[in-house]
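So the structure is just underneath, and the comments pick up after that.
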């Protein structure tokens, strides 16, 4: 059975099930979303693509951006980047301060907020025009010029971002932030506020299914080894304290965001994005995880 | 380049490097090992096998046994097994009691000691002759009748096993152990004391590279879905608080033991075992991890 | 107003209030107690004593014994005792294992279970006939030959004592227990099983209000400095994670037990014991704390 | 022997001993202090006062101010203040974020930084002119108009106060801060920057040895019960994770600051202040603690 047929069937099946998730409540602006939105897009290394539902509609990618900012910083710094953050799953929720205290300001991995804040600090130091340069990087990867930050979302998140201010200043107290915390956080909130469609996300992430090569341009974005390592990190750390569960049930590297998006990558084959705004108790899209679990079962393809 | 050639070359290369690891010191009997032992064996689903060095010599498999006891218990109980333990990486070392207290006696995953003790308790309740039945299961998987427990090792570990006694009684205080702690621990120490060669281990683990089917007998040991899930668990939890690092550097599901063995599985392709007794600071074979990192790089094969 | 009048009045007042506490459930044998029992006894350094209610009836003193075993061990070892345990409040409940892991087997203080188990280990090493010698020490302090262990209670607690077995073996794994864990625990459970009346307890604790001198025999049990230090320890650590609250509301050093007893000491003046079996959520006698709070308020006497 | 004689003798004795402490390094401006400074002042309820050494010289009182800001807030809010913070010792160092996460933004007690920040927030909401009103309160208590904030110290601390910014924003994320974090912190740093002499401090704290009554004016600053409770809190929580040790060795309620000051109170009798800038490993004045330990031993007076 082709991917298209499986996706179409599962889309209809899961569209119907009761969604017991809840919309993210901590960013005021995110609450205005239509909770019935549901879209899926798959982009394959063999150029066969397919979308269903609201796959062309933009949404707030939030933490999915952490993979992209890491990719750019990894490209710039190479392996020295790991002096400033780890590669181990945290075993705790996304914005915990406990391990930072134990580990003296070194975030466990780049996909918890603490780690992504350190990445934002690195980019701020290394890029000439951080906001513009990062956006160019994304537009280039996605093949779409129509991607932008949402200042509304960034402002909304900043207005209640006390936990992230705490994280950034706490890390700074251990000397693992080089710039002024307020500047780092401004950039961090901008990065999180990117708005992209499922289609754009799958196109953007396809280089991770393609040995680090942008399939649209044939540019080497990351070395093959770096590309593998980012996939490994998504596998072990991509879903906060539901990472083990996701590996267990879905069996693919992936990354979620509180906007309801999930991207999963099957190395060598495809990148797939599901978007459905309501989240389960761990903060990951309820229908998104349901869909991906059934999709890897039905397609009999997983990395394990 | 064929696997044989790569393995042969890397074996010679890594045999020479200085081994900065140290032998496990907490089990008295384990300290008598010759620290220069070094053996590798690969078993493939296409029946091409290869061994080098001390691949036919038996050693104490220790925690590698946790995958095997889980497999048998999973086969018996099915998904209800997850009522008694989780599937998330622990983020802490193998015998920590902290998370058990937070999680009220539910071990984070089956590959930390707490989880493997719960698995031993399950097998004790479900098997008619636990010690004999488990051994039969292993002999059957490996295709070798010459596998046995080491009563010397079990006794040695028991004589200093205060931390494990603490763990078992602590879990019992939360009602997640059904049998008498001393019986559970006796069986647990027996399981850990299994002595197998790299060759026997690779043969035994090959079913996890083969959709759950024992390639020697064509019996379905676990369903394909269960087999995938055990691989996913090894990927996220197989190396204690070095699990992320192993995924990152080696990119394969695997499991280590303090006897110096590491088994890694490439689903669909092969199971490979490396044995070298000296351990790095995280308690995993120093040369074993070096070898596997270079092996997946050289063979350009990993699941990511 | 004299102590007698105040005690009599508050006894009647508090006897009436609704007791929202619950009896300790984890030791089966303790549950057979009549929950309406209520008794108070005060013993003064000026030899004016007074009792009301069930003050002459024996009950299980449980953790109150921790002060007495510490006193004997402190008398034997002097200040070297503090090499094996600390003097800081734990901030957590009485049988937590978390801090033991952080502090590598050194209990925070002698009044959490971990600390009292280390004290039992010390006495086991130092006393010729531990069980008999400790009993003689208590009988001598109290001036009563009719004090005994309850083998029924000790056996009952042992039958469900998994948490304490865990604690003892965990400490042993850090080499801070010298004897066999099962022997240490047998002695520990015996110590906890002592049965004494409020009258006997107040008489026993009076030496701590009397500069370390047994007022019945004029023997120096502890030096004045040691006696002060035990009072200081009761003040900061006597009520687990309700210690601050007790200092705050009652303002006297004291120690509680899950049998529903509380002893408080006013240095220079008196020792007072209240017994009422139902416990508040922190495991301290509900009416006992109510009474002592009102008593120090009414008598306008506290150390602060 | 009179207090004067004892103090004079111990002053000379301790002046000579080698000071293995180190000056607080984290506030740049504090490092300019002459580390040989050593002064003591005792103020008694019976109006017999005595000073020796640098007792009239002002120093940065830092965390000693936490008792004074609590006193004013307690006076304004009464017992409802305890809805926003606890009265239990923390068991951890002064600026830990771990317990805040577990306790969902409720600081363990008012003497760790988190608690004092909540107190600053309360005063900011309740006082018309926070900075001026608080200063008036202190001047009134001390009987000295010459007490002032140090803007140099406040600015210096603010310039490196990342940990406190983290604490304040973290508490705000749990809704336990009402004002803007930057305003709360400005006021908090001002409070900490107060400069007072040992003489002024002892005079100021004397009301806590005097049932809550300002002995200079006969005004009731706090009720007797509130005064006792603040003493109890100083006893259990006044020295971070050395609180138990201080109760154990000195046996008086007290509060230390990283400027090298310690105030101790003997209820009914006196308030005594010692100042010596070098700190032990727990952050409390090395010579200050030595002096107070010997002082209570020599004077044979302690509350225990």
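Going in written order, the chains are labelled A, B, C and D, and every chain counts its residues from 1.
One rule holds in what follows: a contact is a pair of C-beta atoms (placed from the backbone, for glycine too) under 8 Å apart; a residue touches a chain by one contact, two chains touch by 3 or more.
The structure presented is a predicted model; accordingly, all values stated were derived computationally and were not measured.
When each chain is reduced to the average of its Cα atoms, B sits farthest from subunit D. The mean-CA centres of subunit A and subunit B are about 32 angstrom from one another, to the nearest whole unit. A straight line joining the Cα centres of subunit B and subunit C is 47 Å long.
The geometric centre of subunit B is 55 Å away from that of subunit D, both derived from CA atoms.
All chain pairs that count as touching, in label order, are A-B, A-D, B-C, C-D. Against subunit D, the residues of subunit C that register as touching in their complex are 86-92, 99, 108-109, 224-225, 227-229, 231-233, 235-237, 241-245, 247-249, 251, 253, 267, 297, 300, 302-304.
Across the complex, subunit C meets subunit B through its residues 96-98, 100-101, 162-163, 165-170, 172-173, 181.
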